[in-house]
Structures are given as C-alpha cells and as structure tokens.
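Below is a structure I'd like to ask you about.
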Amino acid sequence: MFVLVNTKTYPCDPVAVAEAARAVEPSTDARLAVAPEPTALAAVAETGIETWAQHVDPIEPGSNTGSILAESVADAGAAGTLLNHSERRQRLDQLDESLTASGRAGLETIVCANTPAQAGAAAALGPDAVAIEPPALIGGDTPVSQADPNIVEDAVDAVGAVDSAVSVLCGAGISTGDDVLAARELGADGVLLASGVAKADDPAGALESLVDPL
Amino acid sequence: MFVLVNTKTYPCDPVAVAEAARAVEPSTDARLAVAPEPTALAAVAETGIETWAQHVDPIEPGSNTGSILAESVADAGAAGTLLNHSERRQRLDQLDESLTASGRAGLETIVCANTPAQAGAAAALGPDAVAIEPPALIGGDTPVSQADPNIVEDAVDAVGAVDSAVSVLCGAGISTGDDVLAARELGADGVLLASGVAKADDPAGALESLVDPL
Amino acid sequence: MFVLVNTKTYPCDPVAVAEAARAVEPSTDARLAVAPEPTALAAVAETGIETWAQHVDPIEPGSNTGSILAESVADAGAAGTLLNHSERRQRLDQLDESLTASGRAGLETIVCANTPAQAGAAAALGPDAVAIEPPALIGGDTPVSQADPNIVEDAVDAVGAVDSAVSVLCGAGISTGDDVLAARELGADGVLLASGVAKADDPAGALESLVDPL
Amino acid sequence: MFVLVNTKTYPCDPVAVAEAARAVEPSTDARLAVAPEPTALAAVAETGIETWAQHVDPIEPGSNTGSILAESVADAGAAGTLLNHSERRQRLDQLDESLTASGRAGLETIVCANTPAQAGAAAALGPDAVAIEPPALIGGDTPVSQADPNIVEDAVDAVGAVDSAVSVLCGAGISTGDDVLAARELGADGVLLASGVAKADDPAGALESLVDPL
C-alpha cells in the first residue's frame, strides 16, 4: 500500500512532516512518501523520506519563467510527481506533455482524476498510477467507504479496462485507518493524504494510526 | 465517410460555404457538415446543411457570461460539436464536462487529439468520435498519407483498444481527394477540412474534388 | 444613464428580454441595451434594441476554432462588448488585445473589474467604460449603496486618476430603482443588470421599475 | 541601476550564476540579483546574492497543490518576485491577488508588461516596478535602443502618469553594456537579463561587461 502525504501549501513545516513519516516507516509495511511545495523539495528529500513533487509543468529545459521543471524537481530529490490534482488541473494535451517530461526526468507519476471516465482517460496516457478523487469527498469529512464506494471500484474497472499495468489510488475521503483499509478493499493500491497528517499536532501519531491497520 | 468543414473565424462567409456543401451533397455518398462560428450557427443551419458547433463550454444554463452553451448551440440548429480542437484545448475535467453538456443537449461529439495516446484518452470519455490531428500536419501542406501514416493507424488502434464504438476521424493534413482516400484507407471514418474549402474561391468545386474519389 | 441587461446563459429567451427593453425605451431617458449569448446576437439585434456582446476573444480573423471574433459580433449587430466579466476573466495582455480587436471592429467597450485598483488598471488600457463589480455584491441581494458605497466612489476616483474620459458603471448589487439611483449618486454613469430583469416573469415591468426613478 | 538575472529553467546551474553575480558585486554600483526556479531559491539565497522568485501564485497558505506560495518563497530567502512575465502571464484579477500575496509576504515586486498601455495598467495595481518587454525584442538579438526606443520612453510616461512612485525596468533586448546604458538613458531604472548571463560560458565575465559602463 502506497501512502503519499501531500503537504500542499499548508502553514506547516514539510520537513517536520517528512521526519514524522521517517519515524513511522520502520513500523509499517506501507510505502510512505511526502509531497511538499517546490521550495521545500530539497530539504524534505534530505530527511531520507521518499519525496514527491506536487506538479511539474509540460516544458523542457529552456526559456520558461515561473514554471516547475521535471528535471529540477528530480535534481532536488523527487522520485515522482502528482499531476492534474484537483487543485492543479491540466489540459489533456499538457497533461500528456507533463507525463512525457516526467518520464524524461525519471519521475514516477500519479495522475489525479475525479470520475471513473477521467480515470480511464488518464490511464490511457500511460502514468504509473491514477488517483481517483471523487469531488464529493474532496476536503470533506465523509469517508470514501461510506460516500459512494462504487466510485473507487468503478475507477479500478475503468483503469483496468484501459491498461492493467496502471495502479489505482484513492485520492480523497481518507482520514482514518479504517478508510485506508476500506480503500484497499475497494481495490486501491494506495492513498493520498493531506490535512489529516500535514495539519495534525502530532503528524507521526496521525500517520501511525492511519497505517496501523495495514 | 463524414466530411466536416470547419470555417473557423476565417474572413469567409460561412453561409456561402454551407450553400456550397448543400450543392455538392446530391452528388456524393459522403455525409457533409459545416462548423461555423457561434454567431453564424443559425444562418448556416437555415441552409439545410448539417451544422456543427466548433466548441461548447463545460457549463449548464445559468450565470455564465461570454460562454458558449450546449443548449443554445442546439437551439440554433447544431447537430453536433467539435471539442478540444488544437485551437481550443480543454482541461481533462472540463472536456469531460463539455461532453456531458453536449449529451444533455443532444449534440453529437468529436474530440480532437494530437497523439494516439491522447486519442485513447479522449475515447475513454465516451465521445461519438475522436479526430486525430498530428501536430506536424496542422496548417501545413504535407498530406497525412506521406507525413506519418502510422499516426492515423496508431490512433485507430488506441481508440479501438479503449472503446470500439468510437469512430476515428483524420483532423489535419487533408487537402486533396487523394488525402481523403488515404485517410479512409488508414482506417479513418471521416475527415476535418478547413482552409482548403472555406478559403477557396470556389468552395463547391473544392469540396467536390475532395469527395469525388469516395 | 446607461442600463445594460446581461442575459448570460440564463434559461430565458434573450429576444423576449430585448423586446421588453424595446417596449420600455420610449418611457425613459436611460440608454438601454441587451447583451445576449453569441448565438442570439443577430436575433436580438433584429428587435432594434441596442445589442452588446458578452465577450470577444483576443484574436484576428483567421485560424481560430471555438472563439468569438469581434468582427463577427459586430456583423451580427452588436454595438459594443463587455470584457473581463467576473465570469470571463482575461489575462492582462489578452484583455488589451481584446480591446484592440474591439476597436478594430468598431465595438464600444466596457471592462469589468472587481476592485478600485483593477478598475484603474482597466482604465489604463483605454476602454470606453469600466464596470466595478465588488465581489461581495456579485450574485447577492445586498444593494451596492448599503454594502460598501466607498467601492464605487473609489473606483470612480481610481479611473478618473488614470483617464477621465473613461466612464464608470456599477456592475453588481443592482436590483431596484433605488439601487440605480444610488449608483448614479455615487458617480456611476450606468449599471449592469442581469437576473433581476432577464429572469423576471415580466421583464418589461422589472426594467420599467428599475429605470423609473431616473 | 537594478540588474536582475532571470535564470529561467535553463540547463544551467543557478548557484553558479549566483556566485558569479556575487563576485561581480564589489566592482559595480549596480544592484545585482538572481531569479532562479523555485527549487533552487534556497541554494541561491545561501550564496548571499539578492534572490528573487520568478513568480508567485495568487493564493494564501492552505489547500493549494502544485502552486508557488509567496510566504514559502520569502522563507526560502527571496527578497522579491517577478510577476506576469511574458512566459507566465496572469489574469488581471489574479495579478492583483499575486501582488497582494507578495505584499503580505514582504516581497518586492516587478510586474512585466509588453506595451506601454499594459505598463500603465500594471502600475495602477501598485507594484514596486514595471518591466517593459517589447514583444519584438523578447528572445531576439535586436537591442532595445535600436528596435523602437520609443517603447521604453512611452512606458516610462505611461507608468509615470499613473503612479510616479513605480520604477520602470527594461525587460528585453539587453545583451551588451551599451544596451544597459541605452536603457538607462531612455529612463529605465533597471534591466532584466536572462540567457546573455545565465547561459554564458563565463557568467561573471558576461555580467561584468554588462554592468561595466554604468
């Protein structure tokens, strides 16, 4: 089970979250990673935790100002990148180009999608994984297992019909260990976490209770 | 074979192009249609030619200013709409919503894509057809059959692997009757035409020579 | 006083709203106009009411698909266009280019802005008018005179400091005749109306009561 | 004279450019600064050179993924930020919000603009400076003094008419010391440099010859 903590631009210290994840790692079989803002990538990577970018732009090295370059993100220590997050949607053609850029820089990729149809479309572009983020669950308190469990199973089916090599993650509605378990039972290979860990008073404790049932 | 003439915002009279298409219709088995600007939809539809929109926005009736609404386009006489044209790319989620809006308004849909992978992704969203527009051919003089015939066949394969009910059109590199034939031989169910007809001194003659070999 | 009714993409008949405005015209000194969707421009203009577009794209005649061309809007009968409406924001450089396109096509222009600073910025681009749309008033029931009257006066000052030839309209918070009066007293040369007229059971009656106090 | 070197996403080492600028500093009265990618901000700031961001998003700390936060950029050591660069244009309202975010984080601001009218508009939003980037000069070999010297003077006039407290920089067409001098003589308070220094074999030498005539 892959557990990726997105620290967004929360007023938290991503390095503290990374250290918390590092502390929890020995006690779980889950694969843990942290996705901080671009300015914090290098410092997070230095903690030794697996580090992900939150986004890379559909560009090559060259004349681009104010952009996030796949190569620079990889140089800073990132092993992968989220793409098309609900807070950073991309044009279909540019999402394809961001995937190309990620591949060129050796980054693993997770493309977010908010319906099974979009998950299938994302899978057709050849990412490593697709994260299904049902809009009803984004930022809410409803757990994925209660809201509409079919959406995860439907996403697993839609992705599998297009390319069975693409993993499926659950990208919203996860705030307890039971939610993580439910996501796994619905066919998800991993989960995206955010505020539940990143904004917790005790990120290590929060993360531990999330991965404990696995 | 579906032959759709996109009159873009060319300094031509879309109604004259529509009348030319109407004049050619009796002499061909091809299905002819014209896609004018939104301001010209009603006048083009009045000619009796099958009329298409060039784009509809991912919106519902309501508080939207400066947008193109699927219902309004259908009311003006459109039977279908292009989406995600290389000159009007959409975000993946908004493309999905434009398809939903089109379905709600009873519009047939063609989603443009510029690589086989994007064509497969577009097919996963459930349009009626996907038009492959190889970037190297857009706006150029190279015919699709000479430039890279594989791209059309690869798009046909990519779309077929995702959803065999989705047709494939060739969206660039078509300027002669031989190009139309070549597109059909490569597996395309139709073609998108633009300047070759819309900007011709004699649109009816231009269109006739394009559909003649069919 | 300029009174522009934006019919957005409401599920109303823009031609009926235009005819209502036409019926009210003889009884008021206010200048009345209607801004329908692009597909309805020609039919609205045929009623004889002054017709405006809701948006034009920063383009020239040529290879553009799914765009709204200034020349086409003018050909359909529009005398002017809104730009940068809160539902159709533009990039600064593209707003400048849409103004250039509007000027080329002989369209009068109103640029929307939601703060006095943005109103001043809009004025520096040389439109005919700027419409201040305080975000707190957009789509709400609070009248502009009660919410924050300073914002209209501040917009008038900001625009006047940049270019005293640019008019200022009040673009939100107008639903009664008293609101129209209040806007005029705060220095506005006109108002933008939307649902209060466009969605009224009796658009002519609604419009009449709005312009009555003038 | 303010001399800001934008290292874009060039395949160069921004830290080496920063060290070159640091080495040149003692020999010039010009104020030197380097604007690297977000991933390199902290490392560039550690060299002791004045460090700028290339862009910040119109957001507050919170739920934003794949964005560049003003506070994070400031924490990484940036003293200021470019905004609305020709490679990263912004919507008028979002540019205003990025300026607000920059002010909140204590960042100095330079807003890019490509016409005198846009420069005036940018000045109305209250940045510290506006950089005029004539499109004809961007990425070209033509020096600003030869191409159209009026554009810089016109920008100086347009900005001065709106807010005389806003400085004007010349953002394109600078590749020699004579260009820097010419920009100063046309009324510019500074220049933006990019490839001429960032991609030079000897960045320190390149920078030295640029600031030497000052």
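Letters A, B, C and D name the chains as they come in the text, with residue numbers starting at 1 for each one.
The rule is simple: a residue touches a chain if its C-beta (ideal position, glycine included) is under 8 Å from a C-beta of that chain, and two chains touch if they have at least 3 such contacts.
Computed from a prediction, not measured in an experiment: that's the story for all the values here.
Taking B-C and C-D together, the chain pair joined by more C-beta contacts is B-C. Placing every chain at the mean of its C-alpha atoms, the farthest one from subunit D is found to be B. Repeating the A-D interface, with the same residue numbers in over half of the contact pairs, is the pair B-C out of C-D, A-B or B-C. In terms of their C-alpha centroids, the spacing between subunit A and subunit C amounts to 43 Å.
If you average the Cα atoms of subunit C and of subunit D, the two centres end up 36 Å apart. Annotation: 34 Å between the Cα-based centres of subunit B and subunit C.
Not a single residue position of subunit D touches two or more of the other chains. Viewed as a contact network, the protein chains form a single closed ring in which every chain touches exactly two others.
Per the contact rule defined earlier, chains pair up in contact as A-B, A-D, B-C, C-D.
The touching residues of subunit A, counted against subunit B in their complex, run 84, 89-96, 113-115, 117-118, 120-126, 158, 161-162.
Looking at the complex, you find that subunit B touches subunit C at residues 6, 8-11, 37-43, 53-55, 59, 61-69, 71-73, 75-76, 82, 85-88, 139, 194-195.
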